[in-house]
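Naming follows writing order (A, B, C, D and E), and every chain is counted from residue 1.
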Amino acid sequence: MTTSNSLVYLIALPLLGAAILLLAGRRADKWGHILGTVMSGSSFAVGLYQLSQMLGRSNEARPVTQKLFEWISVGSFKVDAALLLDQLSICFVLLITGVGTLIHVYSISYMSHDHDRRRFFAYLNLFIAAMLLLVLGNSYLNLYVGWEGVGLASYLLIGFWNQKPAYATASKKAFVMNRIGDMGLSFAIMIAFATVGTVSFEGIKEHVHHTSTGALTAIGIMLLVAATGKSAQFPLQAWLGDAMAGPTPVSALIHAATMVTAGVYLITRSNFIFDAAPTAQLLVVIIGAITLLFGALIGTAKDDIKKALAASTMSQIGYMILGAGLGPVGYAFAIMHLLTHGFFKAGMFLGAGSVMHGMNDEVNMRKYGALRKFMPITFATFGLGYLAILGVPPFAGFYSKDMIIETAFNSGGTKGIILGSVTLLGAGITAFYMTRVMILTFTGKSRWDEEAHPHESPLLMWLPMAVLAIGSVSSGFLLSRGDALVNWLAPLFQEHGEHSELLKPIVVSGLALAMVAIGVAIAFLKYSRQEVASVAPEDVSVFTKIARQDLMQDRFNEAVFMRPGQQLTQVLVKTDEAVIDGAVRGVGHMAMGSGSLLRGVQSGFVRSYAALILVGAVLLIAAIWVVTN
Amino acid sequence: MDAANYLYLSVLLFTIGAVGVVVRRNAIVVFMCIELMLNAANLAFVTFSRINGDLNGQVVAFFTMVVAACEVVVGLAIIVTIYRSRRSASVDDASLLKR
Amino acid sequence: MIDLALAVGQTQTPEAVMFWILAPLTVAAAFGMLLVKKAVHSAILMASVMINLAFFYIAQDALFLGIVQIVVYTGAVMMLFLFILMLVGVDSSDSLTETITGLRPIAITAAVGFGGLMVSLLGRATLGRPAIGLESANANGNVKGLAQLLFSTYVWPFEVVSALLITAALGAMVLAHHQRIQTRPTQRELSTQRFRGISLANAAGLPAPGVFARHNAVDVPALLPDGSPAANSVNATLEARGDMLATGVFELGKIDTSAGEEK
Amino acid sequence: MEFSAPVLNYTLLSPMLILLGGALIGVLVEAFMSKALRPITQLSVTLGSLVLALFQVWKIRNEQSTGAAMGSVVIDGPAVLLQASILIISIISVFLIADTEQFTALAASLPGSEEERHALQTGNQVTEVYPLTLFAVAGMLLFPVSNDLITLFVALEMLSLPLYLMAGLSRRRRLASQESALKYFLLGAFSSAFFLFGAAFLYGYSASITFAGIRNAVVGGGGNDVFLLIGIAFLSVGLLFKVGAVPFHAWSPDVYQGAPTPVTAFMAAATKVAAFGAMLRIYYTSFANAQWSWTPMLTIIAIITMVFGSLVAIAQRDVKRMLAYSSIAHAGFLLTGVIALNKPGLEASIFYLFAYGVATVGGFAIVTLVRDSAGEVTDLNRWKGLGKRSPWVATAFAGFLLSFAGIPLTSGFIGKFSIFSAAYESGAKSVVIAGVLSSVIAAFFYIRVIVLMFFTDPVEDGTGVEIPSSLTSITVIFSIIVTIALGVYPAPVLNFISTLATFIR
Amino acid sequence: MNSLTLLMLLPIFGSVALAATPKANETLTKQVALATTLIVAAATIAMAVSFQRDNVDLQFVEKYSWIPTFGINFAVGIDGLALVLILMSTILAPIVVLAGWNEAHGGRWSVKVFYMLILVLETMMIGVFAATDVFLFYVIFEAMLIPVYFLIGGYGSGQRSAAAVKFLIYSLFGGLLMLASIIALYVMSGDQGGHTFDLQTLSHLQMSSTTQNFLFLGFFIAFAIKAPLWPLHTWLPDAAESATPGTSVLLLGVLDKVGTFGMIRYCLTLFPDASKTFTPMILVLAVISIVYGAFLAIGQRDLKRLIAFTSISHFGFITMGIFAMTSQGHSGATLYMFNHGFSTAALFLVGGWMISRRGSSTIADFGGLQRVTPVMAWSFFLAGMSSLALPGMSSFVSEFLVLVGTFTRYPVHAVVATFGIVLAALYILIPVQKALHGPTTPGNENLSDLNLREKIAIAPVIAIIIALGFYPAPLLKVINPASAHVIAQLGFTDPAPTNGDK
């Protein structure tokens, strides 16, 4: 395997940026954003350089490693701090640094009025570094560091405006729910070490064939738990909506393009485990399917533009997870959808940010309307993203999403039919809620508050949007042209046999488009023909109410985990005070009490004392009497 | 005549003396009861001296008498002192110190 | 205590007779000590116990001890007791009701237990060697034998006992000896003081105590001309002790026949 | 029958003889010297005789003889060690006794009478306490070296009688003081009657009143053991009374509280050494072979004593009573040394006695310093904030308390460790465990006093600390140095004890 | 520096020097104290440098006869385990002195006394880890209580004296049980070749399994109180609540480590069989501690109590690692001890500064500190992250090693314990949210940020936390041979990969 000394720069540069920005404090306020962007950009440059190097090598020689130092070594538990850049990670590296840099640029302007912009850039850089570590680590433990690192960055960024208690709570919620997922990753690593004896990708891959399916299934399920946490999949999805509390660039970068896709990366990266553990794989598919519907349904009812997009993200990642769960045949498509999604969803988020920028940070779509005229560029870029997510040919989503739907149908048997139908249905709902977003935001009549003065965003903001829009348009075509991505990634995955074709690709596309058309039509009928109330109507169906409440996920969590947890805590606190410490104090009191009691023996009467002596003597005599009897 | 009878007698006297210490309140009577106990012990010594056929026991009894005399002097001096202070020879009245 | 039956004593019927007469008396006297109310009666009973013990000593070949018991113990120590009893009030009597809760039952149980168990134990005791008797030990006379031991083997404790005696004397001194801290005023000084005092009322001396037809004693105050008692005619100590008698019954015109029964 | 004159080895008896001589001189001083000169003369005579006696003890340290006084007295290693301990403790106690504020001006005067007031005004002093102290010390020296029951009994009385008297001589709260004297006396006499009764049965059992004779009888057997057991039981009552073991302890809190504090210090420390010394000798030599019979008894008593003393001490509000209960608990710990019945047990006991004795005198010395206008303040509530007002005094007291609690680096710890390990070695595990647990309880009240002194704010009620007289200072400083030194580097003392501590028979 | 005795004497010299400083000149007092602790730290580091890592025998061994009657020696020597802990103690000492520059002012006694107590305590801290004579260990183990007692009771806040007493009684109780065991060991050594307290010799004693079990319990309960393990923990929150931050650092950071150190050094070495017998029970207690401590921490309203309960959770991890009997668990536990020292130090010191500025330790009284005092807030945040074992922070490495090491042998325990990491997120983030985030609440607007002295004090702590998170090798290389040695002596080998029993 090729080694390289320059991989570390990918991570080191943004990390250095973060460190400088954080340590320098207010002194760096003037140039902090520039440094942050430069660091991210240079990392992107290093990524491009690595790609060019990689392209110049044969398939087998493409993966590059760099061992930095021996990190942990105890007994047989040996983990090096080492990086691995292969065909899979390079995709992520470029996505992260590329989209990341664009968002840095965007943020320069977006955050220009914020007192703490420097800190924001520091966090962004920290995130880039952590995310790169996540995708570059050569073992699960290294990945874990990045995994929690992005969690931290996400926490910091969601809570960037933590002076608002709700935002602070949102960040905490995100972190805690992520930690539940992280726990899964810990379990996976522990099981892997206990059964296989190593935690590196390479090592486990080598041992897969003589490891029991049971163990692999356990590892797989635990990895899936991790993925659900980080990628906001069912049942750990609840944090993503709240995470929109963060500045919009954050939502674009972290909660749309990169971090939330880490679950997909994890499952794809662990393909050798899932391939050998069908049960785990099946679970992956199920989770993906549930989430894609779940997210889509939530999306239909949200009035907050960012939350609607977040729900969409959840749903789209459901697609990816589902794709990744389909095995060797699906990994590449999952990644492809991941990449295209990275473009169009980031683009749309930035668009949403741009809208908010123009609308005094208003997020309620019911207070938008008719913005097309005031924000033409935003409308254009957002619209391209819209088309992409709908899967309208030839936009990016068409290539990636249809592939997943097709693969789902072709996964065989009843499973195939169910999955295919779910994905199709999802596509339809997606079309509905995205159209709703478009209509509410850009068309119709204006429903703004009086002080709103919508205007187009400055260059630094729309330029990244434009670049991403280009990506939304072209990436699908570019990546699927001649199965470019599939072939690029193929060496990493197991060969897959031919599948029975349930439906021809063209049929699938047709069905998908039909569903999309239905979705669009319904949305059109519902929102374009009628007046949209600027305040969300209350007299809606139960389903809408439930959907508005994120399908009761928070209620559920509160009722099942939070409240009992809080009660348990209170009970324990009281128990500790009353029972455990009480027992200790009780012993003390008992001693004191018996002391006071025995004190009574000392009555002050000399005759009592004499009686005590006499009784003592009698007892002695009695003992003798017994002994000699 | 069984010498053991003297021992029984001695035990009885000792017991009576001990009980007297507990039940009587007049300090002087209490003290007399203690003297009775000492006398009982002396009787035991004398009896054992006879049983053992040596005079050591009698010597002890003799010493006891001397020591008891000293004790009486000291004891009565203390009792008189406390009587003078309290105008009472009851041991129950002297119960300032307790608990 | 089967094998304690003494060969030396078995045939001596007189001793047995004496024992069975005196032992019950002794026990009864000792028991009486617990029951009588007056301390002085207890002392008398105690003395009788001691004298009885002296007989037992003598009967058991401890002649010297028997004598000492009578002379020293009964004669001196008990007299000391009586002396002190006189001092603290010879007629003072104890109430025999128990004031400390629970003490009496405890005492009785303990006594019965103690006596019973001890008697029972003595019944079990064996000596493992023959009882000898004091014939050979007293061959040169009891006193000589004792002296032999006392002045040779036990000379050290014997000498140490002297220290004990000194201690006792010293102790009695400390507690009882009123050191004369100031010289006693002379008659002359007292009379000077009387006349130099604020009032001359008592210059001629204090009134004598009451002398009446049917009663005269130092504990009765004299009557003043107005018929009221003169407090200063009675010694202050008696007054303090509350031993002063009321004069009412002796006053004129109030002659009461019941006064005869006073004291 | 020829009378052969007795032979006494005066060298070996000299410590006791010196003290008795000193006491007699003291009596003569009382009789013939003018009042003004008495205090200083008595103090010099007393200290002189004690120091001289200590010097004599040092000189005879390697002697071993049972023939010092026709078999009545045995001089051996433990005897020397115990006598030396008693003498050292007595010397530092005498420094406290020299405090004129502690004793009544005139014992014969009625409390509160004109006579008493006059005596106080003229500065009268009861200097008789010095000879009484010397008599008591002489008795204490004799007690652990006695080799027959007569001498033991005489010594017992000799050490007790002066103490009965001295307990009643307090300057303040005289009624309480006299009451303590009465209680001490009555109960002491009561217990010595038991002692004597027990001695009678031992004599009956063994036909001998010497320890050796009793031992031979125990070894030789013959007959059954009823007399022996009765004898041991009643003799033990007398001895256990002196050391203050439950249930024969009841006198000690009252007497400790009522007696003048220097006397309390003296009797708490020195009596314990003497009584335990005697106990060790008689149990280790005469009764050793009847171990089966008395070990269970002593074990139970030891356990009850430790636990009872510790528990009741918690509930005390008076510092002297608290120390009294603490001394009861310590009696329990010391009994484990008797139960151990092995050489380590003997060594440990002697070490413990010395260490405990010195710390006790030191502790009571501090008690004498805390006063208000009406004399000593023993109510613990009024000790609050002592650490603030007089940090050194409070620190020293804390040092003694920590030693009592058995905290490492104090003599108390080494003592506890050695005595418990000896007991464990002999298989008395239950005592060790009880000891350890009651140490925890005990620690609680020692610490409570430390809290009061250091962590509670002082109450302004006129309680102050007397500037210690130079004599009291010597006592405190000496005690604290010994307490710490024996905790940090006890090796020399332990070695010394180890080379000497073997009973001869 | 190659003499442990000298190292132990250094702080004593320092405290003597302190005694000589004038009472009025408090700055000089503090400077002397700081200089002393710095010298000690430097000397320890120098010692660590000359430590031979791969040598499992005790090093820097010294032995002087102390109480020959009982076979007691003043014997010291260190292995990797002891070295690491001594290193931690001596590095923490100057930090505590510097960080708590003014914390002695509210005390009952003078500043001088405070620092004398600290220095005496430092001597004992070194000694307790270096002792190779059981008696010496015990003496220091118990004697340490006294300075801490006075530090809590004399300089703390709130119910300080009650807390100090509770601490002392608890500790004494454990200590006395241990004393009983030590006595038994001593007596047995006498039966088997002469009285001794030498650890090496005692570890070869023959004893019945019943005896071993009882003696083990005597030691273990003492250590479990120190550590503190559920349910013997209730003294800790009170003590930590009342003590000054600096004292708390020494108490939780160093003194409590004596408990876990003792489990390895004494429980495992002296009673291998009993250790195995009790392992299942202890593991359960450890797991309960982890979860219970976390829950209780979540439920606390007082910042100091919260930190105390987090420590209970962490000590659960350490104990679990020790009794997992795998090299990962063992090394992880040892590393955890070191790391916990620093992360708790950071929490307590920063928490202490927050409290002293605000004048309250109730979490709800804070709010929005991140905007008012960014440096302080960040320090607290980083400390918190270390406490919740965020990767990249030192405690992650150790916590993960413990979990992995436990999992290979006791998967169920490890799984339950892992839930602790979720709870950890809660117990750290709740105070972070309440105190640092949210709007700046009244009373907090004018709090001052850390000054230079405080920054200098906290910087090395955070630097160590982060540096060891990324590069723990220097410590692990010292720890590993020692851990492996212990494990091997107990007759354990790490479980081989099972391959899922295929």
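What we mean here is this: a contact is a pair of C-beta atoms (placed from the backbone, for glycine too) under 8 Å apart; a residue touches a chain by one contact, two chains touch by 3 or more.
Remember, predicted model here, so these are calculated numbers, not experimental data.
Steps from subunit B to subunit D, minimised over paths through touching chains, total 1. Chains making contact with subunit A as well as with subunit D: B, C, E.
Comparing the CA-atom centres of all chains against that of subunit B, the greatest distance is found for A.
Each chain gets a centre from its C-alpha atoms; the one nearest the centre of all protein C-alpha atoms is E.
Summarising the inter-chain contacts, the pair of chains with the most C-beta pairs in contact is B-C. Among the other chains, the CA centroid farthest from that of subunit D is the one of A. Between subunit B and subunit C the centroid-to-centroid distance comes to 13 Å (mean Cα coordinates, whole Å).
A straight line joining the Cα centres of subunit A and subunit B is 95 Å long.
Annotation: 103 Å between the Cα-based centres of subunit A and subunit C. The geometric centre of subunit C is 33 Å away from that of subunit D, both derived from CA atoms.
Counting partner chains per residue, subunit A shows two or more touched chains at residues 588, 599, 602-608, 610-611, 614-615, 617, 621, 624, 628.
Residues of subunit D in contact with at least two other chains: 107-108, 150, 154, 157, 161, 164-165, 168, 182-183, 186, 190, 194, 204, 207, 224, 226, 230, 253-254, 444. Along subunit E, residues 169 each make contact with two or more other chains. Chains touching one another, given as pairs, are A-B, A-C, A-D, A-E, B-C, B-D, C-D, D-E. Contacts from subunit A toward subunit E in the complex involve residues 22, 25, 69-77, 81, 141, 144-145, 147-149, 152, 159, 162-165, 168-169, 171-172, 175-176, 179-180, 182-183, 186-187, 189-191, 193-198, 207, 210-216, 218, 568-570, 572-573, 576, 580-581, 584, 588.
Across the complex, subunit D meets subunit C through its residues 1, 3-6, 8, 13, 20, 23-24, 27, 30, 69-73, 106-109, 115, 118-119, 122, 124, 126, 128, 131-132, 135, 138, 142, 150-151, 154-155, 157-158, 161-162, 164-165, 168-169, 204-205, 207, 221-224, 226-227, 230. Subunit D meets subunit E in the complex at residues 347, 387-388, 391, 402, 405-409, 413-414, 416-418, 420-421, 424-425, 429, 432-433, 436-437, 439-440, 443-444, 447-448, 451, 454-456, 489-491, 494-495, 498. Taken in their complex, subunit E has these residues touching subunit A: 169-170, 230-231, 233-234, 292, 295-296, 298-300, 326-328, 331-332, 368, 370-371, 374-375, 378, 385, 390-392, 396-397, 400-401, 403-405, 407-408, 411, 414-415, 418-419, 421-422, 424-426, 429-430, 432-433, 436-440, 470-473, 476, 480, 483-484, 494-502.
Within the complex, the subunit C residues that touch subunit B are 1, 4-6, 8-10, 12-13, 15-16, 19, 23, 26-27, 30-31, 33-34, 39, 42-43, 46, 49-50, 53, 56-57, 60-62, 64-65, 68-69, 72-73, 76-77, 80-81, 84-85, 87-89, 92, 94-95, 98-100, 103-104, 106-108, 110-111, 114-115, 118-119, 122, 127, 131-138, 142, 145-146, 149-150, 154, 157-158, 161, 164-165, 167-169, 171-172, 174-176, 241.
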